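What follows is chain A paired twice: with chain B in the first complex and chain C in the second.
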Partner chain A sequence: MNTEIISKKLMIATMTCFVLGSSIVSGGSTVLIQDSWVSVITGALLAIPMVLVYARIVKLYPKKDIYEVFLELFGKIGGRIFIVMFTWYAWHLGALVLRDFSEYIQSTVKQDTPQVIVMLSIIVVAVYLVRSGMRTIGRWSIIVLVVILLVVITTIILGVNNGRIENLYPLFNHKPLEFLSDAFLMFSFPYAETVLFLTVSNSLKKDESPYRVFIYGIAFGATILLFVSLRNIVLLGQEMVRSSLFPSFVAIRIIGLGKFLTKIEGIVMINFILLGIAKITITLLAATKGVASLFNIRNYKDFTIPIAILMVVLGMIVYDNIINLVDFLIIYPIYAIPFQIVIPLVVWIFAEIKFRKTKIKKKGVNAVLIKNSKVYYKVVSDLKI
Partner chain B sequence: MFGFNKKKNKVEIDSRISGLNRSLSDYKLSNKIEENIKMMKEIFKDNDNLKIRKVINSSNPKFFCYIAFFNGMVDSKIINDSIIKPFTISNLTDKDNNITKISNQVIYINELKESEDLGKMVEGIASGDTLMFLDNEKKVLILNTKGFEHRAISEPESEKILVGPREGFTESLIVNTVMIQRKIRTNQLKIKYMGIGRTTNTHVAVCYIESVVNRDVLNELLTRLEGIDIDAILDNNYIAELIGGKGYSPFKRMRSTERPDAVVGKLLEGRVAVLIDGSPVVVTVPHLFIENFQSPEDYYVNADYASISRIIRIIGYFITICTPSLYIAIEAFHHEMIPTPLFINIAMERQSAPLPAGLEMFVMLFVFELLKETGIRMPGNIGDALSIVGALVIGQAAVEAELVAASMIIVIGITGIAGLLTPKLDSSVLLYRFLILFFTILIGFLGFIIGLSILVINILNQESFGVLQVERIDSIKPQDIKDKFIRRGWKNMINRPGYLTNNEIRKKENG
Partner chain C sequence: MVLVIVIISYIFIIGFDYIPLIKSQNKKETIIYSTLLALSFVTLVLVVIGVKLPSPTKLIEYLLKSIIKT
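Let's look at the complex of A and B:
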């Protein structure tokens, strides 16, 4: 049985988990306070054209991942430059999420365990998933998605009593430019990060539409994020949302069920850990595949452990503290433009041109064949006479 | 002088070993009966169980034969009444002395073969057949005279149930196949024999129902069985480990049972059964993960009751793995998750305990495993004494001496009891209980979830003969889940599990 090929359903689940990733804890961006749910939608709408470009690349090269496409389009040296850039993006993103993760644990649980131990424990699961293959990642994502949905629905139902719908007002009380910049923030983090799925596109079952995978993945992720951000605002109010770093955690803290279940914020931690693992797994897989194709090695799984350790190391040194991390998130959209927009566009245009050329060539051959067959038919009919 | 002796000894041993190594291909049957008998004695040299007897016809003393068999493996009555007696009293002339005539008209044996092949002869005599050598004949008659003592059919000790059939498999392969055949009275039931094991040449039977079997699994199983290269097969676990699949796994890849009704149920779902001579355990493939929680009894009691007990078994599996680490996570890391008065209670108890909670849990779990293992190895009467000592010493005395917190004893108790629910998953329970505990001691609740994730991924990874053990995870079709976590009534189970069989319809929609 092939452990790499998965169905559309599983791919969508994996992508939804990836999109939710670390965003579910913050519940989207918090710049717009009570209007932040708007940017969840507008960001997704902005992302759709870009995502269609990704899907088109997959459609043009269904059996190849993006690294092989690089090599085919830009030759051995040019392709390798692209591979290095893309691998860096995956590796760096993985380290970023990993650090985000351990900062969250440190600031919410407030324990003395060093961050490196937390990171190593998480990467252990990611390594296991990557080595198990894409099929297990997909199947695991479905389970994670079910858990997430259960938790989100439960917290929304439990929180109904504590929420105040007035917290959402005044609606649309921000400048258009603010809406736009926040939408762009949501676009690049998390929606357009799905560009990493180009590295596992060859795992999608043949004849399944990549357009649907990308659109549904983004749509499901955006819907769940929308509910989470609405829940946070309604439960917490504007001041609390503005002042907290991880609003979901605080939101759940005020939910209670009778006298026994009073502090269930541990549940959010399940959410965050499971989704964080899903996201880190995809970045690790992308980085590993990148390094393997850089050195032209077929079995990428041998590289998993070294890359994982390097990811932890980068996660350790990438920031001094959590404030640095938040600062970086502000410039992240600009930093990500080459990887999320420029490279895919370039690849798409080159691929489209090449595809057209071969199509014309094929057409030419066909025309000659038709011409020949006509001549042949004429000869045969002549002979008959 | 001693050196010389040593050398001589070595030569002697060498010659003996070379005698041992002399293979069957060095021998050849000849036309002369005396030479054949001599060869037979040579082949089975130093095995005094071999009996060779000359039988002479009473009316024609020139007309005789030799029979050879292993003492104790044959039914003496058959040899006396159906071979020796008819041969002695028959009125045969000299020209009747040929093998076809004798096998057709003289002896009364239900199953016989003519053969020139020494391998077949040796295999036959070693499994209880009688060989008949005739004068001027290169061929030998292999006569079925098998008959040896075996255990009577009884209820399997390890799989007792309250209601339902009480018979269990025995160590005799033929009896076991008959038990299956008696339940499936159709020509669709196929039983194929093969010999495995270079030295033991154990008989292995592959059993399936042709109309419903999954061909891919059957082919995979047969190729893997043919690929086995080992000297001995003594039990089904040899086969299960040899052909289970790649890599290490704490989970079983084949289901083993001692109950014929369970095996027949599996065959009817499209699975393949492997029976082995000398073992009362029968394995069926492919093995799904959910089968670990199913019991044949589920099908003999009320469907709702069976569903609830299945769910309890599944919960029990996770309880026995998770309880120790959950306790540690809450006790040592997340006090806020339980009500404060309860936590104060636990903390006060823990105050006097000398070890940190995590270490204490490790020690107690180890002591529990120790008690369990000793209890299994002990002869029956001492086992009771042991359990009293364990309960008193480990339980009450340790708490009163303030070496262990009382809440710890409760947790260990729950863990132990829940662990008894799923004996088939013992190895994975043991491994993951300690693995998750380790992660939890390291980083609390986060570690608990990480350990649990590894368990889930490991389960998802499991394959059994090309079939995923947790299959159709993204499916919400009701027919797929009807006989998994729950059991619906037979009226509702229309389909067989689709991925196991080629023929899905179990019964007509309104039948």
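Let's look at the complex of A and C:
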């Protein structure tokens, strides 16, 4: 049984988990406070043209991952430069998400546990998933997604009594430029991060449409994020959303069903971590595949453990404290431009040129074949054979 | 305590992951794996004992901010 080929549904579930990943903890960007739900939508709309480019690359090279495409389009040296860049991005993003979650766990429940232990515990699961193959990752994602959906719906229903709809007002109380910059922030974190799915695109079943996978993945992720963002604002109010680093956790803390069901944040927090593991797994998979492609090694799974530990090390040194984490998020959209926009666009243009050239060549060969067959039939009919 | 956990983890990794790879006699993979494993061990131990390693994020921040200013 091939554990690497998965259906469209599993790929969409994995992408949705990836989009939600660390964003569900914060409920998307909180820069625009009561208007932050707007950037959840506009960010997704901004991301659609870009994910269509990603999908087109997959459509042009359905049996190859992006690393193989790099080598085919840009040769051994040029291709390897792109591989190094993309592997770095996957590795760095994985470390950022890992740090995000260890900070989240440490600042909410496990204050005395060293972060390295938290990170190692998370990465062990990610290593297991990577080694088990894409099908296991897909199944993990679908289960986690169902649980998350139940959690989001339950918390919204239970939070109805505690929320104030007035917290959403005044609507659209920011400048257009602020809306645009926040939409771009949401575009780069998390929507366009789906560029890493180009490293696992060859796992999609041959007949499935990559366009649908990318669009549905983004759409489902954005819809859940929208509800989470609205819930957080309605429950917490503008000041709490502004001052809290993890608004979703704080929002769930105040939810309860009388005295019967209280303090549900513990269960909910574990589910968020499961979602984070899905995102870390994809980044680890992308980084491992990148290293294997760099050295032209087929079995990438052998390197999962050392790369995972190096991801933990990077996660440990990437920031000094949680304030640096917030600071880096401000320049993250600019840092991510080469990986999310420039490289995919360059690959797409070169791939289209190559595809058209091959098409013209094929047409030429077909024309010659048809012409030859016509001449042959004419000769045969002339000879009256 | 954390250092002990790290060392025990590496003993397990060597026993269950590294030695089977050596036995497979794939020279190229073994060399790359050994390098990565040694690098990961040294850096992880340094981090655990509290040595401050340079953060690449700070370099990225510095470079991007200087580009934005110019």
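Criterion: the second predicted complex is superposed on the first by the 382 of 385 C-alpha atoms of A that agree within 3 Å, B and C clash if a C-alpha of one lies under 4 Å from a C-alpha of the other, contacts with A are read in each partner's own complex, and residues count from 1 in each chain.
To be clear about the criterion, a contact is a pair of C-beta atoms (placed from the backbone, for glycine too) under 8 Å apart; a residue touches a chain by one contact, two chains touch by 3 or more.
Just so it is clear, the structure is predicted and the values come from calculations on it, not from any experiment.
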Partner chain in contact with A:136 - chain B first, chain C second, else both or neither: first
Partner chain in contact with A:10 - chain B first, chain C second, else both or neither: first
First, second, both or neither for A:170, with chain B first and chain C second: neither
First (chain B), second (chain C), both or neither touched by A:116: second
Partner chain(s) touched by A:75 [first = chain B, second = chain C, both, neither]: neither
Which of chain B and chain C A:269 touches, first, second, both or neither: first
First (chain B), second (chain C), both or neither touched by A:309: second
Footprint overlap on chain A, where chain B in one structure and chain C in the other make contact: 117
Chain B residues touching chain A - in the complex, by the definition given at the top: 333-334, 336-337, 339, 439, 442-447, 449-450, 453-454, 456-457, 460-461, 463, 466, 468, 470, 473-474
Chain C-touching residues of chain A, taken from the complex the two chains share: 92, 114, 116-117, 120, 291, 295, 297, 299, 302-303, 305-307, 309-310, 312-314, 316-320, 324, 327-328, 331, 334-335
In the complex, chain C residues that touch chain A: 2, 5, 9, 13, 17, 21, 28-29, 32-33, 36-37, 39-41, 43-44, 47-48, 52-57, 60-61, 64-65, 68
Complex contact set, residues of chain A against chain B: 1, 7, 9-10, 13, 105, 109, 111, 113, 117-118, 121-122, 124-125, 128-129, 132, 136, 139-140, 142-143, 259-260, 262-264, 266, 269-270, 273-274, 277
